[in-house]
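Before any comments, here is the structure.
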Amino acid sequence: SGGAPETKEIVIGQYGSLTGGAATFGLSTKNGIEIATEEQNAAGGIAGVPIRMVLEDDASKPEEAATTVSKLLSRDRPVAILGEVASSSSLAAAPLAQAAGVPMISPSSTSPKVTQVGDYIFRVCFIDPFQGTAAAQFAYNTKGVRTVAVLTDVKSDYSVGLAQYFKETFVSLGGTIIAEEAYSANDIDFKAQLTNIVSKNPDAIFVPGYYTETGLIARDARGGGYKGILLGGDGWDSEQLVGIGQDAIIGGFYTNHYSVDDPSPVVQDFIKKYQAKYGTKPDGLAALGYDSAKILYQSMTEVAKNPAHAAAFADRSAVPATEGARKAARAALRDELARVKNFPGVTGTITIDKDRNAEKPAVVVEVTKDGPRFVESISPGGSTAPAPTGTEGAAPADGAAAPAVAPAEAAAPPVEAVPAAAK
Amino acid sequence: MTLFLQQLINGLSLGAIYALIALGYTMVYGTLQLINFAHGEVYMMGAFAALYLARFLGVDTNPTIPGVIVVAVGAMTFCAVLGMTIERVAYRPLRRSSRLNMLITAIGVSLLLQNVGLLAFGALQSFPSLLPEAKWQIADGLALRSQDVLTFSVTIALMLGLHHIVERTQIGRAMRAVSHSRDTAALMGIPVDRVVSFTFAIGSVLAGAAALLIALDKHTIRPDMGMTGGLKAFVAAVLGGIGSIPGAVAGGLLLGLAETFVSGYLASTYRDAIAFLLLIGILLYKPSGLFGKSTVEKV
Amino acid sequence: MSILELRKAGIRFGGLRAVCDLDLSLPEGCLYGLIGPNGAGKTTVFNLITGIYLPTEGDILFQGKSIVGMGPTRIAAAGIGRTFQNIRLFSGLSVLDNVKVAFHRHLHANLFEAVLRAPRYLADEARADAEARQLLDTFGLLPMAEYGAESLPYGLRRRLEIARALATKPKLLLLDEPAAGMNPSEADELMHLIRWVRETFGVTILLIEHHMAVVMGICERITVLDHGARIAEGTPDEIRKDPVVIEAYLGTDVHTQVTA
Amino acid sequence: MADASPPRPAPISLRGTLLGYLAFAVAIAAVWGIDVYAVPWTDPYLTDIVIRIGMALLAVMGLALVLGFTGQFSLGHAGFMAVGAYAAAMMSLHSGLHPMIGVLVGGFAAAVAGVVVGLPSLRLTGDYLAVVTLGFNGIIIVLIQNAPVLGGAAGLTGLPVATTFGWTFTWVLLGGLFIRNLLTSAHGRVFEAVRDNEIALRSLGVDTTRAKVVAFVVGAFWAGIAGGLLAHYRASIFPSQFQFDRSIEILAMVVLGGTGSLSGPLLSAAVLTALPEVLRPVAEYRMVIYSLLLIGMMILRPKGLLGGKEISDFFRRRPAAKKEAA
Amino acid sequence: MNALEVRKLEVWYGQIHALHGVDIDVEHGRITTLLGANGAGKTTLLRTISGLVKARSGSITLAGAPIAHLEPHQIVARGISQSPEGRQVFPNLTVWENLQLGAWTRTDKAGIAADIERIVKIWPRLGERMKQPSGTLSGGEQQMLAIGRAMMARPKVLLLDEPSLGLAPVIVAGIFETIQAINAEGVTVLLVEQNAHLALRIAHTGYVLETGIIKQSGPAKELLDDDAIRAAYLGG
């Protein structure tokens, strides 16, 4: 590697919402990625070359997300790109990464459309159809819920999507949706909708929104006299949830990527590091950020076993001669990412499927005074929860008591339809 | 019927919140003809000031009446100082230029405070219960919460107090005079700068009061709460006839009721659209708002 | 034939009858004065004629047709031009453009021709420019054609308003205190100007004025209003001697009468 | 105040017009020349910023007309962009025509929305109009969010990508020429007169409602074009892109550029679009600094970046102020 | 002793040079009038004295004390009040409220009420319209209000900018009498007026301003007889 720059480094690009409406999510993700990168560099980087993370803010706007990726691609020439949280931003930027042949891993965009953009686009989170299905199965099978009211954040594609998949599965299981109401992110008052819902007295209320509102929703629901089950998705995951919802949210359930009380060393180790560095417990987005970077680095380490690829990773010069090598290295990285199997992540054991989505279990946790408590783990498809490397990412904390609910049929999380699965 | 009454209570309680913030908007507008977009952010800052003050004094874990009063007064004072500072630094240099310029500066200040808030306070924080909370079950499916009663009564009391100040006192007359022409007001011997400062102080104290009441009700405060709350309050103030104090309250209550009843009886997915449509309808019918005096423009 | 006729016209503002039962008939081509104490309702009469206020009673006919309810734009288009007691210029426009705006109704080119600079538009524009400049020249404003209207001193703003009203090519011109803010010499000059305008453009003029020298000097007939109602009507000489008018309006001070 | 006189060149000559057309043709040729010969060799990031500036210019020129010249306080400009964007996107997705035809359709759709909003609401003034247009913006977003055919909150994806440098700036030149010519024509005078004194204008027999609606519709049309281009820029659009904050952003560009100026707002559109890019190195402090700069610029240049003038004024020799009282 | 002295006053509006080294003495307890054509700079001078326009250079003293650096409201507090050109009543405030604001610098409630009485006596029309928003008054009524409002401050020096503008002749006579009466109570008056005849008749001293320059000055009687002035300002 004669013409290489004096201080060798491998550049990874990252874009996310550091400002704007989704800033808190972007910042969590950034923190998780930062820890992974520090770990990797402490362990010698990739084949001895340190990683340099170039971070760009997209102000929570899709078209700016595309601009940041365009900047990353043309200025920083990264080996791979991490981002975004919001599906809309990932969707706007992904075509650029795809066209440039640079692998992009979204930590937490759950819209199925994102990875459909092309074969360079990956994700490490489960997708909405799966999460919706999981929540519906939990409600119907585990909690015996038969009637549900759904309260959706109409402004959020995440919330609308999740609600949609939940409803489809829940109905196909035999349940009834007896009320559908909506709110908008940033609302502070939900009494009107909940007065309606409570008057119908459903067994459960499914609230696929972000913790910022769901805590308040829980308060208004309980304040309105509701006694049934409150149910949600990974948007609930935050240390703040109980502070906002107080007693009202205690006893609620939500599906999540991981559970902080999971005793597995991968999880506890991550939590410890995170807490030491940032002073709070990591939320799901931080964990996903961490996993996305870990998977990337593992795959890069694998690819870098080929010295030509290793050299190409560290080389950012625009000389056409090296361009081919860089392309080849990134293609190899893409292939490697597509092969990821049973990766022991904080957010469970991750396998990248043929659609470049993460096949992994969801966990259901209960909100308690002392934080989320693991209830059960739900695996996708027909696969049993794998536990290969001794790090039982998805292992139930309180023994085998909680059943791993598995849909009857195997179905790779399909693209537009819900797993025809559960019936 | 109980459902209807419950929704009515819901609507009034939401409306009182809008009204409370709208009062501050209207105060400043009445004097400066400035839509003070930063008002929402003063309100947000007031909420965080109250939180940190409560934590600092230990009132959050051990609420006492004097402690709560200190927190309330502290938060309102903080808002007053912040409001006057904003006026001094960002608006006063623009006195001589158009209202639109001040509007943009206001937007700039609003963005600034919001982003500073985001960096300083993080996403969102829970606000402790400082007052006892009660709920009266009037009938099955019909309940009234003490917070709603508190917010509503404070709003009405403030409205009456402000109305008195603006309509019946010399300083109130001076505010209205300044709003028409600063030069002519100065020719009366009115110290325009001081009147404007005073207006900002009052408007900001109102923001502080609103922040505290809402934080005590919702127990959540966030750096972007000014944006949404502020926007709704702005709409409420205009609907009521901007510059009119009873109008701000009427506008706020109407907006709250509209949103609630649309959610309750029509479709919550279309809530904002239908509520806006209603407001547009009202404005087309009464082009200067519910209580707005059609600006006296004699030809 | 009378070009303008008010028949028992009137308007109330709340409890206040600002104008009531007013009959007024303007012969075509005359120069007619409307005077009366402050608050008598003179400006209100103008506002009724030009459609800014809707009369609550009576009828207003212009060239024999009722114009009640037509709205200011259509009434102006029908041929009634006016100036305002509180001057209303387009402060962001130049003096020249203030006048050119008034030609707008007489332009033939549509919006797209204007944008594409079609020949028809260019012809329009050239014509408007020439006519506007000529009008400004007449009013002694040509040297200031390119200045912002805002920077004109008070007296010249009044002149500009008259020029602008004339540019609409009205058949009836309503002037609300055109000599206000002018000193006697300037008022004198204005008097000649108004007379000249009437002769050159052949317009009928209805004039509100408190400068008695001007009113008495040029008006052929005068109506005197008080409390919204007519208290006298006649030639300047009759009016000057009318004891009711003297009591209510003119006063006995020689100097104010002659020179005010 | 002597320089308050607007720089409208007196009568427009045939020769000037022909020269203007020639200059326009040259400019179009230059744009496509750059598109073909320079853009492929340019840093895509730079091109990206330039294209985003182009789209901002189109949105801003419409509002400059409505707000800066006609004095109508509209807070819903992003709503018209949304109408344009979604109309264009639906055309492209379902008709198979060239995306630029979709963009044109988007412009017309926004213009129709302009009539629908403008006719009833333009009898309101000032802040009341602002609230109504803001409400319209809100309604549009809610309708899109609730329309499954429009993708709802998840937006529309898989649109053809067609917004290149060449097309963007072809539209910018067309829009710029259209609005500049409109403003320097008799209609432009009427717009400004509406802003200055509506009552006086009506007393001159000019239909002020019509004038306002025309300004509104023209403004909406170009906002719609901007929206259509945005839809075909990144293959996807989302309702969240057209919310109130976007309207505010456009408003800030117009006011910072100076009301009553066309090139001022265009300049500030470029500045305010590029500024966040320039501020990238400060990462999460970006918006803090951005807002500080916005406040600072407003205070230091209260009449707009160009002080209420047009760029061309700085090149034209103005007649010396020979102001003497009469 | 002069109540008001203006020395070498230079005022610019941006590029426009509105006042060129103006010198004026307003004698204590007298009526001084300022004549001049449209745009001569009369209003500019009054606004500069009141502090609304800041001079580029020159000095203004009130009873010997410099005031040019003061804010307008401080100048009012020192005893100079003004009835501005174009009336400038506060349209949304009632007549009574306008008058109250005129008395901003005062605290004697009884005195204020008495002064309002006095004004109503001079102009009964205002009394009838006490509760009406002043924006709906006729032009002349607004002018009465503007003068009355300036009197409410009980000024030492009263600046009047075209007080007779738009008033009915019978009222004009009354206004000039009122000005004389106010002056008789010891208030110094600086009067800008287009009605030069009347102004010169009640004034003691006169100044003639032309395009920002004082062209002539002297006892009012002399100016009244001056041929050039007759031709320029008094008409035929």
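Lettered A, B, C, D and E in written order, each chain numbered from 1.
Keep this in mind: a contact is a pair of C-beta atoms (placed from the backbone, for glycine too) under 8 Å apart; a residue touches a chain by one contact, two chains touch by 3 or more.
Fair warning: this is a prediction, and the values are worked out from it, not measured in the lab.
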Target chain E, source chain A, minimum contact steps: 2
Neighbouring chains shared between chain B and chain C, ordered by label: D, E
Most distant chain from chain D by Cα centroid: E
For chain B paired with chain E, centre-to-centre distance based on mean C-alpha positions, whole Å: 43
Centroid spacing, where centroids are CA-atom means, of chain D and chain E in whole angstrom: 48
Mean-CA-position distance for chain D and chain C (Å): 40
Gap in Å, rounded to a whole number, between the CA centres of chain C and chain A: 74
Touching two or more other chains - residues of chain C: 43, 52, 84, 86, 151, 153, 155-156
Junction residues of chain D - those touching two or more other chains: 1-3, 142, 145-146, 199, 284, 287, 323, 325-326
For chain B, residues contacting two or more additional chains: 115, 269, 271-272, 297-299
Complex contact set, residues of chain E against chain B: 50-52, 71-73, 76-77, 81-82, 84, 88, 90-93, 97, 100-102, 104-105, 133, 135-137, 149-150, 153
Contact footprint of chain B on chain D as seen in their complex: 67, 73, 120-121, 123-125, 127-128, 130-132, 134-136, 138-139, 142-143, 145-146, 199, 244, 248, 251-252, 255-256, 259, 284-285, 287-288, 290-292, 294-295, 298-299, 302-303
In the complex with chain C, residue positions of chain D that touch it: 1-6, 8, 10-14, 17, 20, 178, 181-182, 185-187, 189-190, 192-193, 195-197, 199-208, 214, 260, 319, 323, 325-326
Chain D - residues contacting chain A, complex: 43-46, 48-49, 52, 142, 145-146, 152-155, 157, 161, 230, 233-236, 238-241, 276-277, 280, 283-284, 286-287
Interface residues, chain B side, partner chain E - complex: 170, 173-174, 176-177, 179-181, 183-192, 293, 295-298
